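In what follows, chain A forms one complex with chain B and a second complex with chain C.
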Partner chain A sequence: MNAKSSQQRRTFQPWEDADAVPFIEFRNVTKRYGAVTAVDNLSLSIYEREFFALLGPSGCGKTTLMRMLAGFEEVTEGAVYLEGEDLSSTPPYRRPVNMMFQSYALFPHMNVEKNIGFGLKQEGMPAGEIADRVAEMLSLVKMQDFAKRKPDQLSGGQRQRVALARSLAKQPKLLLLDEPLGALDRKLREETQFELVDLQEKLGITFMIVTHDQEEAMTVSDRIAVMQQGKIVQVAPPAQMYEQPANRYVADFLGNINLVAAKVVTSKGGIATLETAHGEELEISCPDPCPAGAQVWMAARPEKMTISLDKPKGGNQLAGTVWDIAYLGDLTIFKVKLDGGEFARVSVLNTSLTDPAAKAITWEDRVWLSVDPASALVLTE
Partner chain B sequence: MKAALRSILAKSTIWLPYIWLLIFFLAPFLIVAKLSVSEPAIAQPPYTPTFDFWDGPAGWWRAIGQFSFYNYIFITEDSLYWKSYISSLQIAVISTFLTLLIGYPMAYGMARAPRTWRPMLLMLVILPFWTSFLIRVYAWIGILKKEGLLNQFLLWIGLISEPLTILNTNTAVYIGIVYSYLPFMVLPLYANLERQDFSLLEAAMDLGCTQRQAFWKVTWPLSMPGVIAGCFLVFIPTVGEFVIPSLLGGSETLMIGRTLYDEFFQNRDWPVSSAVAIILLMILIVPIMLFQRSEALARERER
Partner chain C sequence: MNKSWTGFNITAVVFGFAFLYIPILILIVYSFNESRLVTVWAGFSTQWYVRAFENEGLMSAAWVTIRVGLVAATIATVLGTLAALALVRHNVFRGRFLFSGMVYAPLVMPEVITGLSLLLLFVAMGMDRGMTTVILAHITFSMCFVAVVVQSRLITFDRSLEEAALDLGATPARAFMQITLPIIAPSICAGWMLAFTLSLDDLVIAQFNSGPGATTLPMKIFSQVRLGVTPEINAICAILVAAVASGVLVASLTMKRQELRRQRAEQLAAQA
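Entry: the complex of A and B
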């Protein structure tokens, strides 16, 4: 990624622009299979050149949503628009949309070259042009040496590349990726995530990825939509999604978070004073209105809390006992049983070879967890 | 000692089937082959020379010296035989094609049916096997004859005014063969189609194919092994089929199975009928071997 494109990327926020025209629009879309509602009155706008991730547990409707764009699922109610045009009457083979399948769905009776050229041949492109485009695609995914191989003679990672090349060969306006890296091992998956990002920037095509892997979604996408039971819970760029989750579901789905139930005592200037069930007092930032007496949750990420053996000065602490310690190399994670009964995780970055602060704390020690008011959040739902 | 015995027993899974083939395939084949180069004789058994184990090698050698290929020459000279071969092959090819035409959509429908239905559909295909083959072919006589069920039905709905002559024609033979051999076509096709990944069709449609194009470009070529297996399973027994042409066919139906039967039981010419059988075997085996060879070569090239 060169400096210029990263600059463009930083300022790429069409969803903040009120005048921007959505590239894809779901308008009040509902999908029912008999009595089961897979997608429930959902509206969503996606912009051109965006790398958009649909994230959620299996069965949340994310795959159904994607398959509606490809044309494999019909919309029960509402409509899907691509560049302002209603897609409902367009069959899959006429949509300017291509999909990379979770199983890759490579044609086993054709070699790599034929697989990639399949869609072009179907379009009626002359053989010479097909050969050129296929060669271009092969070099794009670095598979030039495998043109004559059949899919069953390729490794999982190579098949993934061929599938990607095949779905890009027709130069679609929108590329759908259904769990594209699910079958790869961890190392390869991480590498490929970055390659996908580079590729998307290079080609300028809108990408939509379906995944249940939150790290993958955060690595590749400009914006993430978290789905739950056929509804979108929150749509936001990765950082915002992580730092300002809309509710406990999103907070818990994206990374780890400590949740402590509390009641609002007072609230002033975006800072709420909370009282936990155990009687401890906390001052936490509260962007949403926090009426006094409301039942809320203090939400703090493990890396945003600090742990100490001595009671620190000032407030905003929760006392507890060390329950478990996990040394992960880069991090040490302390699992602390709070006096109120909840468990909290605190992660400490192991910045030096012998970090005395972290090393000193051991099992069953009495510890204090402190949190800065601005580093934690009050969640109302 | 014990180890040796165990190793022999362990290898029995390999040599037992070969012994079976030796006794029940190779030995009869050699007997028929030997008969085909003998000459008919009014004797018991009705051919010469005969081997007597006690003659010793010299006697055997003498018998071998009497072998002649006269029967093969005779078969090529008499048009009855090659006409029977041609007609058998023609009937077998056409009925294999018809079976494929009916069996493929059936197998396709079964493979695409809801998962819970499939065992029942499979059962329905296999069910006719529970009744004797002969009885089922006889039943077709009752359906196809002049005053049979089919004609009565067609007359009743007013589609025809005169009963059709179907029984004792080639049409009846085709109906009988297609009906009897349909399961042999459907089962291998179903096994193949059921295993096919449905997402391949979606991928083809995603890349610009209509449903029909997707079928011809993806499903059909991938189902080739099933098509070939099904066609062999129908074609090979059909070429030598005897019961169906005898019961449903007429005088015009010339099939090698009937010619062979007549030669053997009417003319009591065992050597000629053996030669007819050997040639039939060659007609069937040679193309299959060539086909397998070309398949193996094609696989080899891909590596």
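Entry: the complex of A and C
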């Protein structure tokens, strides 16, 4: 990736621009299967050249949403628009949208070349042009040497590449990726995530990925939508989603977070004074209106808290006992049982070869967890 | 799995196979008998094979049987495949339960009843009994076997293959012809073979629905046996056995080869 494209990427924020025209628009879309509501009155805009991730647990409706775009599911209420056109009456084989299936869905009776050329053949493209395009696609996914192989003669990673090449061969306006890396092992998955990002920048196609893997969503996407029970809970770029989650569900779904129930005592200038159930006082940033007396949660990520054996000066501490220690190589994670009864996790970066972080701290030690007012936030729901 | 052959095992296998194959073996041995008497051995000869091929009655019956089998099996395969598609693909249509029951009923229906009811239908419709009525009757009872065979394949068929074809711009008809059909073709072929075999050896239903000029081989053999078993019958039966056995052999060899090819493919994939 060269510096210029990463620069463009950083400033790519069409969702902040009020004049930007959405490329895809879900308008009040509902999908019911009998009595079950899979997608519930959902509205969403996605912009051209965006890499958009739908994230959520299984059964949250993310796959249904994607299949509506592909045309495999009909919309019960509302409508889906692509470049301002209602897609409702367009069958899947006439949509300028291609999909990469979770199972890859490679045609077992055709070799790699025929698989990739299948869509082009349906268009009626002349054989010579098909051969050129297939060769181009094969080199794009670095599979030139495998053109004549059948799908069952390929490894999982190779099949994934062929499936990707096949879905890109028709140069769709929108590429849908349904759990595209789910079948790969961890190392290969991480590599492929970065390759996907590069590919998307190179081709300039809008990508939409469905995944239940939060790391994958954060690695590849410009924006993430977190879904829960057929509704979108929050749409935001990965960093914003992580640092300013809308509620406890999002906070907990993306990474780990320590939640401590508390009541607002006073609130002034974006800083709220909280009192935990155990009677400890905390000062935490609270951009939302935080009326005194409201039931809220102090939310702090494990890496944003510090752990110490001695009570630090100043406030903003929670006292507890070390319950468990996990040494992960790069990090050491302390699981601490707070005096209030909750468990909190604190991660410490191991920056020295010989001196793992805070190695003096051991099981059942009395510790203090401190948090900076600006590094934690108050969640009201 | 590493059990050695015990005396009991060997005895069980020998008796089992003997029970199954001695009657057929006797039939084949006596088809090479010199003597006209079926049960008295008088030396080796192939004369009854020559006689069987010269017997116009037997040969025309064989020809009728083959024609009926080919036509009936082909039409039954088309209809059975369509029925299987309807049953597997459309989970919620009105009367699905009734329809699936009706497709399977002929499997357990006594042949006498199927034969008789079809006869009554043809009489009521004023159709002359002959080749057409035998073919129609055979289609009726063999299509449900095809439906069962094809249905079991379709249940495990990955629907996303068809969706991928649609997604890549193939119309539903093209997706079916280019993707679904080639993939389920082996089971359709198996269904066709089954229907053909069923048609080949059916006696009861043909007996009810056949007419002049449409005597099938089983009917012919049955009527001749009532006048006494001739070595010609033995010969023609031996040919039938040989035909069926070679069919089974070819099928199993093909499957074996496919299995080997699949294993090689997996090795190739593992190396890559």
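FYI, the second predicted complex is superposed on the first by the 379 of 381 C-alpha atoms of A that agree within 3 Å, B and C clash if a C-alpha of one lies under 4 Å from a C-alpha of the other, contacts with A are read in each partner's own complex, and residues count from 1 in each chain.
The rule is short, and it goes like this: a contact is a pair of C-beta atoms (placed from the backbone, for glycine too) under 8 Å apart; a residue touches a chain by one contact, two chains touch by 3 or more.
Note that the structure is a prediction, hence the values are computed from the model and not measured.
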item: Three-chain arrangement built on chain A, chain B and chain C clash or fit; value: clash
item: Which superposed partner A:247 touches (first chain B, second chain C, both, neither); value: neither
item: Which of chain B and chain C A:154 touches, first, second, both or neither; value: second
item: First, second, both or neither for A:105, with chain B first and chain C second; value: both
item: Residues of chain A touched, compared between chain B and chain C (which is higher); value: C
item: Touching partner for A:70 - first (chain B), second (chain C), both, neither; value: both
item: Touching both chain C and chain B, counted on chain A across the two superposed complexes; value: 70-72, 91-93, 97-99, 101-103, 105, 107-109, 118-119, 122-123, 150, 166-167, 170
item: Touching residues (chain side chain B, partner chain A) in the complex; value: 197, 199-200, 202-210, 213, 217-218, 221-222, 302
item: Interface residues, chain C side, partner chain A - complex; value: 158, 160-161, 163-172, 174-175, 178-179, 182-183, 262, 265-266, 268-270, 272
item: Parts of chain A lying in touch with chain C, wherever the complex brings them together; value: 70-72, 91-94, 97-99, 101-103, 105, 107-109, 118-119, 122-123, 146, 149-150, 152-155, 158, 166-167, 170
item: Residues of chain A touching chain B in the complex; value: 70-72, 91-93, 97-99, 101-103, 105-109, 118-119, 122-123, 150, 166-167, 170
